[in-house]
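Here you go, one structure.
Labels run A, B, C and D following the written order; every chain starts at residue 1.
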Amino acid sequence: MDKFRVAVLGATGLVGQKFISLLSGHRMFEPVYLTASERSIGKPYSKAVNWLLPEPIPSEVEENRLISNKELLERNDFDFAFTALPAEEAIEVERRLIDRGKIVFSNASNWRMDPLIPLLNPEVNADHILLLRKQNFGSGKVLKVPNCTSAILTLSLKPIYDAFGIRKVFVTTMQALSGAGIHGVPSMQIIDNLIPFIQGEEEKVESEPKKMLGRLENGEISHADFNIYATTTRVPVLYGHTESVVVELSQSGVSKEEIVRSLRSTSWNKISGLHLPTAPKEPIIVKEEDDRPQPRLDRGNGKGMAVTVGRIKLDGEGRLLRYVVLGDNIVRGAAGTGVLMAELYAEYLKRGELS
Amino acid sequence: MDKFRVAVLGATGLVGQKFISLLSGHRMFEPVYLTASERSIGKPYSKAVNWLLPEPIPSEVEENRLISNKELLERNDFDFAFTALPAEEAIEVERRLIDRGKIVFSNASNWRMDPLIPLLNPEVNADHILLLRKQNFGSGKVLKVPNCTSAILTLSLKPIYDAFGIRKVFVTTMQALSGAGIHGVPSMQIIDNLIPFIQGEEEKVESEPKKMLGRLENGEISHADFNIYATTTRVPVLYGHTESVVVELSQSGVSKEEIVRSLRSTSWNKISGLHLPTAPKEPIIVKEEDDRPQPRLDRGNGKGMAVTVGRIKLDGEGRLLRYVVLGDNIVRGAAGTGVLMAELYAEYLKRGELS
Amino acid sequence: MDKFRVAVLGATGLVGQKFISLLSGHRMFEPVYLTASERSIGKPYSKAVNWLLPEPIPSEVEENRLISNKELLERNDFDFAFTALPAEEAIEVERRLIDRGKIVFSNASNWRMDPLIPLLNPEVNADHILLLRKQNFGSGKVLKVPNCTSAILTLSLKPIYDAFGIRKVFVTTMQALSGAGIHGVPSMQIIDNLIPFIQGEEEKVESEPKKMLGRLENGEISHADFNIYATTTRVPVLYGHTESVVVELSQSGVSKEEIVRSLRSTSWNKISGLHLPTAPKEPIIVKEEDDRPQPRLDRGNGKGMAVTVGRIKLDGEGRLLRYVVLGDNIVRGAAGTGVLMAELYAEYLKRGELS
Amino acid sequence: MDKFRVAVLGATGLVGQKFISLLSGHRMFEPVYLTASERSIGKPYSKAVNWLLPEPIPSEVEENRLISNKELLERNDFDFAFTALPAEEAIEVERRLIDRGKIVFSNASNWRMDPLIPLLNPEVNADHILLLRKQNFGSGKVLKVPNCTSAILTLSLKPIYDAFGIRKVFVTTMQALSGAGIHGVPSMQIIDNLIPFIQGEEEKVESEPKKMLGRLENGEISHADFNIYATTTRVPVLYGHTESVVVELSQSGVSKEEIVRSLRSTSWNKISGLHLPTAPKEPIIVKEEDDRPQPRLDRGNGKGMAVTVGRIKLDGEGRLLRYVVLGDNIVRGAAGTGVLMAELYAEYLKRGELS
């Protein structure tokens, strides 16, 4: 199979780095264009980037010379665009990419709640990709990666929602520094400290999961019908968002064993038969140990694509469920889900299901 | 006024250090005996202690030679005992101190839920001290300092409970390392990490506040009638427990302004007229800034005796209240409350209300 | 005595905050003007500042409205200016302040090596203030606070230089994050990490101490005649620079006891009789414990104005001296030395020795 | 080729974990016995270990049941023993293993300076293995892994020593927490702090490199003839020791380019032709960027077996060389060098050069 030629926009940031890392040697995609901001343009990738990932820079992109988003818009010989741009910058660029017929897999937060745009966490709502049939923005298409915290949360909620129903969710997050980008959180503000606020985050966590858990009916998504109440905090952890979750179930009399069984089943997983290369074998790993999940020990599970659930407890009535879920905010929460979504798109395209 | 002669048990630990610091120069108390474990006995305090507090070791205790708990039990020339011992060690020692007629102000977790023992957070339930009238363990008395997380939480719940009633509380904590003592959490386990579990903590947080918020009637405490659901985690912060709290109020239609007003009022405060030396002027500080409270910036408020509340939000119905509260786990959560409680005891004693 | 009216330039930065803190309630100085950058102008200090110090904001400046440096230059009713500006900004502003007849105590790195400008670490070289007699830049005067690392190092070298002579110094530093300012070091780059490079720092450490240890002769300073070789690194510590020092002495046969005695003596201290308010009683504290000095435990010594020396070792010949020295980079290394220097200036002025 | 059957002693500690990780799937070795302390005996490895490495536990050892050292001594069906025990425990056990004819590759610090025991850093002194010909402790043999800091330092010194000669070395280290083991450094003592002392470390760093750089002549090692002066500190970094090194060369007039060339050459490398599986392609990586090496970014170079050198500077005379070197203390500094040494032993054995 010929590989899709892809561009990565915002390739020097943390999410961009992870895109590069995941696309390197990918059997379906070949990164050809990398974009960056003004001061990096023209430089080879390896010279311009402040590479922070533990794995080394893939050799095939080391010499790739960075171009501007503007220059990218003048090229035509690529198919897909992975964007890791700030929302305010993304709006304009993504619109133009779509106009030029590109398929855009976007991490930017703009348009995520647009009813015509699939907000995909593939295991959870792969079928929402069919919204693309109605998308008519131009000749291209756009699919959105959810907010990192929402992606991790929703993956853990999906099997519970399917099996028991959900009335209400309370979540307190302890989010990693990488979520704010390389320069986001000054060390003077976070060492021996935490910050109980992340700009714009609670609004996202309170809305996006309801769209993802919604049902596609007659080409429209009816959002899930429960409220989420989020308190989001920043803690001195490099990678891995931890979320303390309380779920009021629609049923009572639910046991811990039933919860564990539902989390470990595959029946809810909408891509379990597709063998997409970036899909983790087990998207949800349940840990029995009292002191798990922990960011440093569990963020790498499923190469960063699995979320890890622990501390499962139910109240006496079997209606109030509590657990802690953790996922890699850069992989499951951003670049990994972006790549998985592109694999899903390619699969649906091959099957001719998108038109 | 003659000072009460006091002993500090477990004087070299973190809570012990804070006791020493608070008692130094205190106008009512004079520390005369300091106890420590085997390997420190006989050494001057300043040589034996691994002093970690930012303030220097008070000069008057530098040369005080550490004795064993056993040796202390043979001395008679002291009145009060402040204990900062592990529960398993405390049980035996405290019983003997009581037998010898001492007044024990104890941080150890044993007996906290005993119906005859006051579990005091003075602003919240100073009147529970009257339980002592019924205490008949021996010639002495014992009063308990609540669990650190519970002390901080309950202080913030008290005005809300009084003004609006409480149906249910969910709390996720982010607790400081000092809560586990000097050697409690290895650095290899917590740097770039967090641990979503603290042995025995959730049980305490789910029970102690209900006793403290209970009503003293006919010499008995009827516990407050709502459930608390706690998830307790350890984060890489040195001092200061942060708690993300959801309260389902008994009423609806409550506004943020009403909540703030209740937190800032003094009507609920049971010691506001007493002028106890360690009582903070404002036991609850409300911060309007989005990104507060923060451990490093707010743990020192009221010299560690105030808790700081921020991020106050109510849902559309005005029934679900959310906020973040932070307090110094070593001061408000341990030694400071211990000293305040002793001041309260002395006041009641002076007034002749304890018998 | 009437207080000198003073301005603080760059009052919202970390060094500016410490200036405010030290000047508050000072018996000789009264802060009247505070300057900040564009976006803070017009705001009350307490609203504009991201206050990070453990002590609270002094109440007398809370409502002080920030002005621009430009606006300050139009005021005439102040005497002294404490500047905590970046060097590139300072050059212009300081020149104008001097032109307007102000006495400038400056933390900025420009002009530090100028032969007409005193680079003062008062205990070390108070007499260099007499350079001011020759200063003829305008009607004002300018005195420089040394680089933080150099201030700490030089204080420890001074008694040794006086007693034994110095041939060569090697120093490896482990510097605190606060040295780079509030936004200087991103947390993503320093947690679980260190950075073995600080822009421009080694050049300063290799030159400034030689000026400070130089001799004032005929109105000129002859620099100390030995080489310093510095490697400067950044470590995840909030406050307190630690320096591992090797000194090749001019003599051999020196014992550890002699070194300790010289460090603890006061004979070398050029301000020991002056009773300046900010001068620490003991500018050098020698710790005998193996594991000291430590930033968190020793940076507060002498209220941040003392340096702490430990790990003193001599080789078999008694010629190679090694030790570790630590000091608060914001107090001794910046604002504290600035205020001490102003106190020294006021003293010399009173005595009529400056002209 | 049949694999050597190997035992790992102290398999649950950090170094033990890395041994397990490196031996898993190794083409020459098969781990058959794993020992641990009392409370873990009988448990499957995966249940007993507090696995902290980023890579997952190798599946082939998950079910391996831990035995005691004593029990191991009763087994005969293994060839090699890798020991990661504390020195005081190792002395007895290693002696018995030797008596039973085992080949012991030991991380314990006992006997490292024994003239009959090779202290191997294979690239540096592979030929010292010939000391084994004279070893006559029993039917077995023992080879020692050097102290972590010394292994990293010596690797960087070797090409310089060969090319230019060395008169004197000063080194200040900034060592990772993992060097003290999982429970070695309490978080309360190291967050926002550093400790300028590591028990016993300086003595090792001042002696071991001189043995490793020594010459094997007539079956004896004549130690290198220069002094090392070490100051060793602990910093809040998880993995990776950083060392700031000053070398007084035997020659003057040396240029930076010559130093870089010598570090990058292979002529000094005593195992460069052997193709041992654990040997890194480039044992020394020279970084030109000002701000490297950094622990988090460079400890993984050469899979932890390479050291990274940066900040190379020479004084005006070309005689005083300064640089910073970093290596993974658990891989190059312990388990990796242990495995490499065993590979070297197997190679020499095959060639019949050991008797």
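Everything below uses one rule, namely that contacts are C-beta pairs under 8 Å (C-beta built on N, C-alpha and C of every residue); 3 or more make two chains touch, one makes a residue touch a chain.
Everything numeric in this text was worked out from a predicted model, so none of it was measured.
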{"item": "Chain whose mean Cα position lies farthest from chain B", "value": "D"}
{"item": "Interface with more contacting C-beta pairs, comparing B-C to C-D", "value": "C-D"}
{"item": "Separation of mean Cα positions, chain C and chain A [Å, integer]", "value": "48"}
{"item": "Geometric centre distance via CA averages, chain C-chain B, whole Å", "value": "41"}
{"item": "CA centroid of chain C to CA centroid of chain D, Å", "value": "42"}
{"item": "Chain D residues counted as touching two or more neighbouring chains", "value": "52, 191-192, 236, 238, 296-297"}
{"item": "Touch list for chain D against partner chain A, complex", "value": "51-52, 54, 56, 191-192, 296-297, 300"}
{"item": "Chain A to chain B touching residues, read off their complex", "value": "170, 172, 174, 192-197, 227, 229, 231, 233, 235-238, 242, 244, 246, 290-297, 310-311, 315, 320, 322, 324"}
{"item": "Touching residues (chain side chain A, partner chain C) in the complex", "value": "14, 52, 177-178, 181-192, 236, 238"}
